[in-house]
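Once you scroll down, you'll see the structures, which are given as structure tokens.
Consider the two complexes below, in which subunit A is the common component and subunit B and subunit C are the respective partners.
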Partner chain A sequence: MKKQAPPSLMEKMGRFIQPWALFVGVALGFVGLVLAGRWADKRDIYAGVPRFHPLISTDGSVYPTLGHLQQHVRANASRRKILVLVGGNSILLGVGQPVESLWTKDLQKQLGKEFRVVNLAFRGAEPVEMGAIVAETLREEYPRMIYIANGRVDSFTTPVGNPNFYGYLYWQARAAGQLLDDAHRESVALDSLNHPDEKTRQQFSEIFMRGFVDARLHTSSFWNWVGQEALFTVWNVLVNPPQDFWKPRKLFKDFEPDPLSDPGRWQRTDLEREAAIVRGESERTFKDTPEGGFIPDPLEWTFRENTARSCFPPEVLPRTLYVLSHNAPAIVKRLSERDQERYRAQYSMGRERLARVFSVIVFGENLESDDYFSDRTHFTRLAAPLMAKEVAAKVREMSISLGYLPK
Partner chain B sequence: MRRWIQHTVSVVLSLALGLVIGAFFHYVLYRLSLPIKPFVYVAF
Partner chain C sequence: MIFATYWFIAFCLAFFPVYWLIRHPAWRFGWLLVASAVFHTHFAGPAGVLPIVALGIIVYFAALTRDRRICIAGIVICVLALCFYKYTVFAVTSLLALIHPEWSTAAATGVQHALPAAAPLAISFFVFEFVHYLWDVKNGTVPMRNVFHFSIFSIFFPTLVAGPIKRYEEFIPSVNDAARRVSPHDVAMGLIQIGFGFLKKLTADNLTLYIEYAQERFLTDMPIGTRWFVFGAIAMRILLDFSGYSDIAIGLARMMGIRIPANFNWPYLAVSIQDFWKRWHISLSTWIRDYVYIPLGGNRCGPLRRFSNALIAFALCGLWHGPAWNFVVWGVYHGLGLGICAAYRSIPCGVGQLTGKFFDSFKPAGWILTQLFVWFGWLLFFYPIPKAWQMTVRLFVP
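And now, the complex of A and B:
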């Protein structure tokens, strides 16, 4: 007679497990964390943070949610104040400025108690991303608000942002139903989801799903909170020492060094490469003439102006301030005299054309090398108060014209 | 009596295992939404 084999561990466990209790547990566990995510979304997990340094932004595998960014604004700005919401990229984030010399701190001092400045700039973010989305979704809570963005004259591409980097917040806000109705933006969003190129279509489909999951199931809200407060679960190359990757991100400080403590920093910069980028930007908008001069390309400028206008819902434009900043003189001086002239003409026309869309200031025309980090665009602590002063003057002017302040 | 205790323990452990699986499923959705490589800023 054949001897029966003893039951395996899985069989033993299977006999012990009550299927109905298991399914109830799965449902309770999942729904419990969805509710916990809703709760976490209403907390300012970035309390006391003056800017989003690399370990609490995408560089550090943290993708702040719309809810957390909104809570950060609410925690830092009373609705009785005029909210100055700083978006844009690393220039407005203050890369090149140690946290104690951050330009938005100077901006707050310049503007005084009637205003509240919140820095929601992120490295590499486009003007329509991150801070712009938060500003749009908080429009009713903060009727007196000015949104500041920055970039080049050609920084406007699509109103839905880049699906690979910061576009995720647009799709999250869209899934949450918190955006203004904007027929043009919606048509771009739908076109993106039906894009003829399969790879692009897939990227947008993924980010659409991601937005839905984050907005409805609060997955990032909960796990970002866990990562900030208790335990970070994703390994990241920027954490030093690497074995500390699991430590809660609230323990990591803003480690932006002061570039002015390194006087040899410009020697390591490829000035020719940077100058070629600057030259290329102005060549795209001012074409050569057979006589050796240059003229603005009317189609290109009209395209840029119209693209900038169509990237924002119309209601947002009057309270948007765009900062066009000059490149470092160490780089501009490497251009030929003719190219320098074309470079200046590009800024002049950029100011004129973009000012038809929203308020614009051009900053940094007469700065010196020490006002810049060791690249063409970022400012050191020496330029921070200068930028704050110019931006503050424009913000005050806008506040009067928008009726936020008496004339 | 012993059978009743065994049943209760079985229900509690099944429920606990379910809670862990549910939480894990929530975490998997979070991890799936993260890009494989983080967007590390170089220069713009």
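And now, the complex of A and C:
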């Protein structure tokens, strides 16, 4: 006769389970969490944060929701002020600048009380992501707004963002019905959901559903609030010491060090590799001629201009300021004279072509090595006030032309 | 993990209410079959579905003949398909390279063009279930005449991706019972088991993140105490990850009223290697026992043959986990462990008897020894052999 297996722990536990009581409990718990998510979504959980440092951004396994970013703007900017919403990537986030020397603080000082600057830049974000989405969704609340983004001349890829990183915010805003009508962007979104490559299609289908769930049930808002205020549930390499990973993120400070305290930092940089990247970028837009010179590739430039234009809804373009920043002189000087000339031509052409789409400034042409972090793109605290000054001048000029300020 | 995707959650929200609301057994069964087909097609894609459909047709008709030779031919085709998709690159780049490196290089280029980018989803599980079915039919059990029964056995979605490996003699009656009635108690128990499964997965995923960070420092500047902590984390991670997945699969089936036997039974409480393999990935270890070890001769042919059978069975068990040498070595390591465990009482001069008595009367010693053996084995499982050895040394040397 077959010996009967002793009941498992689950089976023993099952004797005490009242199924309908459990179902009612699960249903009530679910409704409770949704309500808690709605409540959390309406709070500025990042109060007092001057920028989204790594532990409160995707690097730190945190995915700020549209609701939280909007609340952060509302908490920091009165509707009576001109909102200067800084988006873009790590350059505008201020990587290389300790939080007390952040360039957006200088920008606020330069602009004065009439303006309110909010930094919503994220490492690696494209011009159309994160800050751009928040700016678009707050267009009616803040009729006087200027959105600042940055990148290279070829930073424009797709208007729906990168599904692996920051694209989630576009899908959240789309699901919430807060975006402007934009036929081109919508067709790109639908194409993504029907992408011929199976993996890509599944990736977009996931991000689409995630956006829907977040917009309706506020699940991410709830977990962001729990993680910020009470307990973090995901281990992250950036938390120091590692065993503190569970502590609420509000306890962690913005830990960006001052690179200027490390004078040997450039010695650890692979300058040749960085120079090769810079060379490659300009070679893509200016082709060699048989005579030994170079000429702009008209197709490439037209494509870039058109892509930049189609990445944003038309209504957003007049109040967008794009910052093109130069590479560090320590790297540019490693290029041959001809390549340096091509590099400068690329910036000049970039300014001209992108200026047909939105306002553009080119920053950093005459900076020194100490104005840069130990790579080709990020600025130190020495460059921060200089960038703030140039951007502030352009913001004022735009504010006048947009009618935000009297002439 | 497929179970943690939004698509799967949406799929469950659409599937379960309809499944519970349908009262007619045939319709409920049909709904489960349609859902499983949708699940398989979504995650495997046409390129992953077609080879499984082809194998399924062969297996279904081979079993219907009840002819021993045809069933064996069906088994050979299934195993060849598994080898083709999963082990060709390994055979060419590792095995052939040992014999003739130049041929290996040439063959590797050809193989890369011939093979699809990825093997069909869960082909190892499909093949193991098909082999079980054909082998049992060959030995006289009744085949599934109903094509829908065979189909649901093949593509039942909760167990499709990572098991547990089902036995059709138990599974089909359970599906038929569930089609007639699902009790609220089953749904509640399934829900609780899924909850535990996700909790285990969350812990395992956190441990994975930590291990990825720590393994870079393991061989350099890490204190010995922390190394032992990482060593423990590696062992806990695989248990929580795999048993969490099994819990979710078993819980999903239970929510339909279908019983799938437990796949893990507190393996880290095992007091011997044999005991461990009765508790760890039970559906795989019993499969290896029934379809590799026993057909090879099992315990029937004397101690030496028994020992070599265990080694072969566990080497194959290791290889089943992935096409790499470290998995083979991990399997052989466990085969050796089992062999020693089974034979040590026969050591002459009373030493074996005495040792046996010691372990019988002092269980914690057996437990510690077993767990250390198993946990050191995980280093072989997760890392290339030289690195696993270095990590083992660094657990004792600063």
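We take it that the second predicted complex is superposed on the first by the 391 of 407 C-alpha atoms of A that agree within 3 Å, B and C clash if a C-alpha of one lies under 4 Å from a C-alpha of the other, contacts with A are read in each partner's own complex, and residues count from 1 in each chain.
The working rule: a residue touches a chain if its C-beta (ideal position, glycine included) is under 8 Å from a C-beta of that chain, and two chains touch if they have at least 3 such contacts.
Note that this is a predicted model, so its numbers are computed, not measured.
K.L.:
Is A:Thr289 touching anything from subunit B or subunit C once the two structures are fitted on A? First, second, both or neither.
P.N.:
Neither subunit B nor subunit C is touched by A:Thr289.
K.L.:
Examine A:Asn194 and indicate which partner it touches, taking first as subunit B and second as subunit C; both and neither are also allowed.
P.N.:
neither
K.L.:
Please work out whether A:Asn366 is in contact with subunit B alone, subunit C alone, both, or neither, and reply first, second, both or neither.
P.N.:
neither
K.L.:
Counting only touches as set out at the top, which of subunit B and subunit C does A:Ser261 meet: first, second, both, neither?
P.N.:
neither
K.L.:
Which partner chains sit in contact with A:Asp375 here, subunit B, subunit C, both or neither? Use first/second/both/neither.
P.N.:
A:Asp375 contacts subunit B only, not subunit C.
K.L.:
Which of the two partners, first being subunit B and second being subunit C, lies in contact with A:Ser78: first, second, both, or neither?
P.N.:
A:Ser78: touches no partner chain.
K.L.:
Counting only touches as set out at the top, which of subunit B and subunit C does A:Val34 meet: first, second, both, neither?
P.N.:
It touches subunit B, and subunit C stays clear.
K.L.:
For A:Gln202, is the partner it touches subunit B (first), subunit C (second), both, or none of the two (neither)?
P.N.:
After superposition on chain A, A:Gln202 lies in contact with subunit C alone.
K.L.:
Which chain, subunit B or subunit C, is in touch with more residues of subunit A?
P.N.:
The larger set of subunit A residues in touch belongs to B.
K.L.:
So, A:Ser8: does it touch subunit B (first), subunit C (second), both, or neither?
P.N.:
Touch partner of A:Ser8: subunit C, not subunit B.
K.L.:
Of the residues on subunit A, which ones does subunit B touch that subunit C also touches?
P.N.:
17, 19, 22-23, 26, 210, 213, 233-234, 236-237
K.L.:
Residues of subunit A touching subunit B in their complex?
P.N.:
16-19, 21-34, 37, 54, 58-61, 63, 89-90, 123-124, 164-165, 210, 213-214, 217, 219-220, 222-223, 233-234, 236-238, 375, 377
K.L.:
What residues of subunit C sit close enough to touch subunit A in their complex?
P.N.:
Those residues of subunit C that touch subunit A are 5-7, 9-10, 42, 45, 183-185, 187-189, 191-193, 202, 205-207, 209-210, 213, 262, 265.
K.L.:
In the complex of these two chains, what residues of subunit B are touching subunit A?
P.N.:
Touching subunit A: residues 7, 10-27, 29-31, 33-35, 38-41, 43-44 of subunit B.
K.L.:
Taking the complex as given, what residues does subunit A use to touch subunit C?
P.N.:
The touching residues are 8, 10, 13-14, 17, 19-20, 22-23, 26, 198, 202, 205-206, 209-210, 213, 233-237, 242, 245.
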